[in-house]
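The letters A, B, C and D name the chains in turn, as written, and every chain counts its residues from 1.
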Amino acid sequence: MKLIYFAWVRERIGISEEDVELPGDVKTAGDLLAWLRERGDGYAEALQNPKVIRVAINQEHVDHREPIAGAREIALFPPMTGG
Amino acid sequence: MKLIYFAWVRERIGISEEDVELPGDVKTAGDLLAWLRERGDGYAEALQNPKVIRVAINQEHVDHREPIAGAREIALFPPMTGG
Amino acid sequence: MTDACVIRVAVQSAAYDTAAEIDAAKAAGGNVGAVVTFSGVCRDESGRLAALELEHYPGMAEGEIRRIAAQAAERWPVTSLTVIHRHGKLRPGEEIVLVVAASIHRQAAFEAASFLMDFLKTSAPFWKKEHLADGTSGAWVEAKDADDDAAARW
Amino acid sequence: MTDACVIRVAVQSAAYDTAAEIDAAKAAGGNVGAVVTFSGVCRDESGRLAALELEHYPGMAEGEIRRIAAQAAERWPVTSLTVIHRHGKLRPGEEIVLVVAASIHRQAAFEAASFLMDFLKTSAPFWKKEHLADGTSGAWVEAKDADDDAAARW
């Protein structure tokens, strides 16, 4: 599964995208965040406060409870500050 | 006293401005409208419905009860439709 | 807040340059973060109209617009307000009026511009007469209750 | 009302031509009587900032803006909606975003433009990073509660 990171999530994790194989018990966007936090210090720092992390599946905003099965790409990023 | 007319008030009265000598009992803008209505058919037609006639004294909107003593110019016109 | 607001008012028959007015609003200073413009355009009313003729009260028109702009500058933290109102005969597609409101914040710019338009409609001394597509002279445009309602909400 | 509304969305690093976008909105048809524009301008924060760097999520940025514009076109009788959002490094005074809303009536144009801006702020995937005047790289701009409140009022 393709993961994409933006803004300070990208900076703290240290890469802008990666392909990962997820274990079967990672079922929701929230599960994904918890799983990623265990991957290293950068991930832990980037995702320490899950409440401020926004998730998009296939380029659409979703809730952290959203199932991720079948997702083509999942993006993680901070609250948006465009406009 | 200088009177100025605009839009259909001007068209119905037939002139765009005039100087008038007012009798002493014409004290308010409303009195002026009543006095003008007696000046001829054009005036009567233009001013038949005083409620829709707006009055400006020295280029400021005023109520029909406003005293006109000392006015430099008084303008009569329909509700505005600019913008 | 009036002190800091640059107010520019023009009543003219000539067309104006909207882009130049936006640039001027940005250059007027005050840490501009948002510029809102309103352009009022002469409509053809589904082909019925050949033109609108705008009559105005010279002197009072400028004065009244300036008074409305000063009120807006009191109510919102705007850095500049520009109003250009045209008079004379305007064809469908031509612009009648431009309002430009600049501010540090977008909400102030939106509200000041909307306020200015509502009061221009109801208190600036301009009148529109229709010229019809069949070559005849049409009626004077009637004031709308909706415009009074719009002004009353402020 | 969506059928009749012409929607144009662009996400680009290049500057845009506001006057040309206004003309296009007038030419898009639909008896346009009112055109409202919003321009978001990069501020210098009293000299503190050298630039803002805008990062975006390609693909999703366009899609999300288009989705917001379609919502606006459902809610207001607008004849056209244009949104151009820039990315990359922008210096103080440069424009970040343009919204153009055209309608037969002014209120619809004002409200659609204001709605679009509120939702661009809170749901379009763009992020601003500060570059400071002293040459260092500053912080990522934090999202404001005020922006969430502004979006919630619709």
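The rule we apply is simple: a residue touches a chain if its C-beta (ideal position, glycine included) is under 8 Å from a C-beta of that chain, and two chains touch if they have at least 3 such contacts.
The structure displayed is predicted, hence computed values, not measured ones.
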Using C-alpha centroids, which chain lies at the maximum separation from chain D?
-> B
Centroid distance [mean C-alpha coordinates] between chain D and chain C, Å | 23
Hey, how far is the Cα centre of chain B from the one of chain C, in Å?
-> 26
So, in whole Å, the Cα centroid of chain B is separated from that of chain D by 48
The positions of chain A in contact with two or more other chains are none
Where chain D touches two or more other chains, by residue = 40, 117
Which two-chain combinations qualify as touching?
-> A-D, B-C, C-D
Interfacial residue positions of chain D with respect to chain A in the complex | 40, 54-57, 59-61, 63-64, 85, 96-97, 117, 120-129, 140-143
Chain D-touching residues of chain C, taken from the complex the two chains share = 17-19, 22, 26, 31-41, 43-46, 93, 104, 106-107, 109-110, 113-114, 117, 150
For the complex, which residues does chain B have touching chain C?
-> 4, 6-8, 56, 59-61, 75, 77-83
